[in-house]
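Two complexes follow with chain A in common, the first pairing it with chain B and the second with chain C.
Showing the complex of A and B:
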């Protein structure tokens, strides 16, 4: 009893330390850097920036490609999320609802693309986009690429969801005279909903943060937030500007992740049902 | 006219015959049970009737209409599932009227039906709850109510009580039977529990290896089992291999068995010279009476409350006796008798 208590406490403290190291310190640094006023540079001997203002934020908004980048990113991400969901559904249905030989292997193969480093996939995928002539339509090319690249996440999540649909619910709905749509609403949707939301959010976040393909296909001219961030860090190396951009990139994602956590935690009624 | 007619029905899965040339009729308002061990084909037969499976050959008629090829959603049947299969995200009320919604029943009629069903299954206090907030017995009643609400021509029960504890099971048995009678419903009830089948049914169909082994009223099945399988599966039975030596008079035979020579009185003649016979443990009479007086050694004694189970060693065989009162203990000798009319000829094996 007491040893588990001590262990729990110890793990709790470790979790807090990790949280601090991974989240609080980087975010605080980013916030502080984004507030540095150009009149006085933030030098190592000062704990806090000597002069703080929203100058960088206003500058980024008015004088950089931030506005088109925001527009592109926030158009791309939801489109990619929806497209990926559509593409993943049939495969997930097959993997989750049908028994066939090699099913476990197929599930594993679906995940395999995630093992390859993102940049490697990106380079070869873009060459494919050039070959099929899609690369000139930059938005559509990136959308297509994102939808394909993030399929493994969506298929994996939705496969689990489809596995949780209970055959006796489908049968009961049919037995009560339900037509396909009513059957879907009564038996499938309650079990699928958390997975669909999780899949949408994960692909959304992945797409917002994706750099390699957006950079290779989009350059020059088509910017997203990550490519803009890269240019302010890689080409100009302006740390305050980069801080502004990383906050714009990361804060909505953190909020979305919290939302996702809530969806996944909210009891799935299909799992909590009584007997069977 | 029979409510349900099944004519020479066969169901094969990849060379395995789950239902093997089964024919049966169920009358309107009748409560019949498909009884058998797991894998005997009873659930397959239920799925064929409800439409979830389509037969390899044969006909199924519901209300005089051939329904082979008709999908479950278009059949006038309702199943009370073993797992209940309640929709977990819908309230009890929504579960109950689910079928009526699918049919597009007008709201006023729906509400009237709901009220009636709620009274029948006694769920008035729980209408707004979700299924997982109910006890097992209450969930079972929702499942029953949901099936009743659509006023099916036939209600099908798929081992509906197997998830309930013993006490509750007996209570729900009575409730189901009462509701079935009140509504005049035709019911087909699948179970592997012989006690349930005996207690509830108008008629029992016993299935084994995909075939109908015997059908009849519970008393008939119990007192006149036709085969070794039926005798053994329904109730408990002492089964002996007998050799007929002599017909004593009209309806009386003399046989030799491992427990000694016995006299049998039977309305039906034996079908072979050597065949199995059986007797029920509770028909044993204490003391020596009549032509079949026997003496054995008690090897095991189990007090069961309203009777005592004795396992008696007799001629190298174990015979089971159920006696009301018994003073002897394990190792003691016991005298008992079997009346000639309590011995039953079974069909020859194979």
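Showing the complex of A and C:
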């Protein structure tokens, strides 16, 4: 017991050191770079920027495409998460609860969007949009593409959740006279909840991070967080401005992660289904 | 499990699987057709092998294929190899294990491009790493570490970004292995490696395969890491495809795109097969 304790402590300390190198130092550097005042450049002789101000922050908020990009990304991600969940549920139910010929093949075919690389999908989806004359509806096109591209994650996760619903729970609920909704609440929901939360979370993250579709289908003029940051790193690279953008884009996601990690803590599929 | 009526099954499968098949089917169809000269945006369309012959013969094509395969395979294998010990460590909850798991999964929510920028900042010519190594006397003066020719920086970032995916998938699989089985193996005298090789790996092989495949395909088709922190003397396949597209050479872009799809499929089958063979092969 004590050896395990010492081992865990040692590993924890090592991990914290790695984490400092991995996360804290890079983010501190980004914060410092974002505070560099344009009046005096930050040269390598100085440990800290010689003049610091919030000039770059105000500038980025007022003079870049940051506001529309935030709006677009944070509209797209929850919409895609909800739409994907809606589309995934029936298929996951069929794969998780029914036995039919071709079930294994269906499970494999669901993974198709993962096999086709995003840039290929993006380029030839755009080509398709041009050929059917829908290229101007960029938001809807990107939303549609996101919902379908991230279906495999949702379907795979929810299939496992549906498999974990125990038939004896359903039967017991039915024997006790529960109506379909009550049966769903009592027998299905406890096993499904972690899967539903995990699907929403994973699609939300994937959509926020998605670059290829947003970049190629969105051209020209439709910006999301990743496409804006990418262009700020490319053509006219300005380190302090890129630092501001990086922080504005990264910090909400990190906070979200902490929230959702807390959210998912109670959601252990093994516990919910009575195994363990 | 019950057998549903065919109409009911079709209705259930349509919004999920059905839409996937229509969407991806259309994308693949257009890519393949364009690589053989159809659906040209300008000029005449019609069957030809010209684009395949012209593109495949190029040295740049060959180089981008082998380079992308290298990045894909190394990233997938390294990420999974690093995730396994962590997943096993976090198998049973202990004080602070939730914090550890949150820290380890942090890269999942840090955008790839943000990560690339942070990394560039740290390793840049006057960055903190260079200054640190100079002050230690390891380097005589600052060196150019950015966009290194051997893609080491790129591989570090690929593993940094992808390891949590493997960890997420493996943690669930490893937690599902019952203590009785592991205890029995230990009582029979199995060491750490034998327990991993004969029990843990075979019982979590499907999660391992899923991790390998997801990471491999992502890294094989990488564009953003490659164009920000990758070597400047190499082109990944996605970058090469984009290069053709930017010049409105859609048919050649389609040739690279089709190659990329075929390699994703073959590589995934190869990696999954290898995992199966190595860790399941000796089961009786």
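Quick note on the criterion: the second predicted complex is superposed on the first by the 221 of 276 C-alpha atoms of A that agree within 3 Å, B and C clash if a C-alpha of one lies under 4 Å from a C-alpha of the other, contacts with A are read in each partner's own complex, and residues count from 1 in each chain.
The criterion applied here is as follows: a residue touches a chain if its C-beta (ideal position, glycine included) is under 8 Å from a C-beta of that chain, and two chains touch if they have at least 3 such contacts.
Predicted model, so just to flag it, every value in this text is computed and none were measured.
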Contacts of A:166 with chain B and chain C, given as first, second, both or neither: first
Contacts of A:64 with chain B and chain C, given as first, second, both or neither: neither
Partner chain(s) touched by A:117 [first = chain B, second = chain C, both, neither]: second
Chain A: partner with more touched residues, chain B or chain C: C
Which superposed partner A:100 touches (first chain B, second chain C, both, neither): second
Partner chain(s) touched by A:176 [first = chain B, second = chain C, both, neither]: first
First (chain B), second (chain C), both or neither touched by A:186: first
Partner chain in contact with A:238 - chain B first, chain C second, else both or neither: neither
On chain A, positions contacted by chain B and by chain C: 269-270
Interfacial residue positions of chain A with respect to chain C in the complex: 4, 8, 11-12, 15, 19, 22-23, 25-27, 29-30, 33, 43-44, 86-94, 97-100, 106, 109-110, 112-121, 123-125, 127-128, 130-131, 145, 148, 151-152, 155, 205, 208-209, 211-212, 225-226, 229-230, 233-234, 239, 242-243, 246, 249-250, 253-254, 256-258, 261, 265, 269-270
Chain A-touching residues of chain B, taken from the complex the two chains share: 50, 52, 71-74, 77-79, 81-90, 98-99, 101-103, 130-132, 134, 136, 139, 146, 150, 163
Contact footprint of chain A on chain C as seen in their complex: 1-4, 9, 11-17, 19-21, 23-24, 26-28, 30-31, 34, 39, 41, 89, 94-96, 98, 100-106, 108-114, 116-119, 121-122, 126-128, 131, 142, 160, 172, 175-176, 213-214, 217, 220-221, 223-224, 227-228, 238, 241-242, 245, 250, 253-254, 257, 260-261, 264-265, 268
List of chain A residues in touch with chain B within their complex: 166, 168-169, 171-179, 182, 186-187, 190, 269-270, 272-276
